[in-house]
């Protein structure tokens, strides 16, 4: 991976890890719980993707920086959680950058491992939203991605665009940048305008 | 895989996916939650099995039909959930067919990947019940398989019979058909007569 | 693996499985739920580790004794749960032995599979605490390890010491024994003195 990509990747992990640590603080978990939720939120999506596409051990287990970053994010949140919590809106914007980055990087990695376009786009989405889903499972709540403003759809769209451009023999940077831009713009708009995915209409039969 | 088996497999995934989508509608998740629960319920058992036996990437990631089927099941349930919900008893019968199919196919695949008879039978059961367990985890409820009418036992029995017959050099079709029949008959009887697995007797010490 | 190690390993799995089965009995799950929680608690940590380091299929799927032990533990707990429940303090002491054993064995196995010292120590901790986390997820509660007396920290410390000694070319037995002793002593002290990991200070912002 190019150094630019590594730095971006680590920044995405950092932001995701903060969101995990904040959930842990609010659930009144101890420092260890904070660190585990920081780690699984930051790295969980990539782990899921790598286990499913057969790229084990996951990259994060071969590079100590990938383990250090969530620890730092967890400790910062543990110590300064009132401040971090107040900055949640800003963290949400950074989280959108992480989402955009992870979906394209995850999708293009899956293509490299031989997946077809549709599964690769799906794995891109899994990379981007998987960490948050594991976070919510461990914290004992229904994954936020099932109920909140549009989150998974922009990730899937960004991943699909990146895969498509890659199929059309565009260079990595172009595919990644265009895919990530669409995901980012869509996600930020969804946050700003409170767009939600459609709900089932009418009462559910029991 | 023979075309017959693929069609059966896709039908099993469709039925499982519907049960996942119904849970999502009742939990008031949005359309994305409905699709994810449809997908994980339909494909989760096979994913778990493939990751554990080292058959990555899972077959479903290499064949777009396996991804399309849960999406269709999810959308149908999302739009017509009152009708689908009213048909739940019939869906339950189809689900028993899916259970019977998945347990033998999963077990025989595990044998192919070099597992011994006991673990292969277990992996057959995991293929059959794993999707429903992931569904319940994501929906934030204790897996139904731990409390409802007999569900896992017929799957384990069917898988064990298929593995045993395979050990005795019976052809695939014979092993699979006999195993699946036992699982199916047992499961349908359990639904009809409300058979339940034994509960611990007496109050639990705390 | 040396026969001594196998026996110790099976004993650790037995004790972990009992803790899983006890949770299931208290959640009023049926006998199948008791067996699944026994199995996932006993074997889940090793499964997680093996899937992440790419050592599939997990060892437990290649040796029937590893499958038999949790079944026996589950059935014993199912039938004699009032007695087993009353012995929980003693089970907790045995559990500390299991924790100490699993963290060093898991860490040294990860080293063998090519992981660096930091990820290997982490995988040792995952081997030791992963089963209990899966147990709590399936039972629908926030993992006990996030809230109870120190549990993960001693496991991480033991794993780190074992990895460090292994790096210094100490024989397996020495690395394992020293790592395990530190983990065991620390965990027993934590139980005895009710040591807890630090909690976030002040109220969480919402």
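A few remarks follow.
The letters A, B and C name the chains in turn, as written, and every chain counts its residues from 1.
Everything that follows uses one rule, which is that contacts are C-beta pairs under 8 Å (C-beta built on N, C-alpha and C of every residue); 3 or more make two chains touch, one makes a residue touch a chain.
On a predicted model such as this, the values are computed, not experimentally measured, just so you know.
Chain contacts here are complete: no pair of chains fails to touch. Think of chain A turning onto chain B: fitted on CA atoms, that turn is 120 degrees, to the nearest 5. At the interface between chain A and chain C, under half of the residue numbers appear on both sides, which makes the contact a different-residue one. The mean-CA centres of chain A and chain C are about 29 angstrom from one another, to the nearest whole unit.
With touch defined as above, residues shared between interfaces to two or more other chains in chain A number as follows: 51, 137, 140. Considering their complex, residues 51-54, 113-116, 118-119, 122-123, 133, 137, 140-143, 145-147, 152-153, 196-200, 202, 204-206 of chain A touch chain B. Listing the residues of chain B that touch chain A in their complex gives 22, 24-34, 36, 47, 51, 56-58, 60-62, 64, 67, 78, 81-82, 85-86, 88, 137-140.
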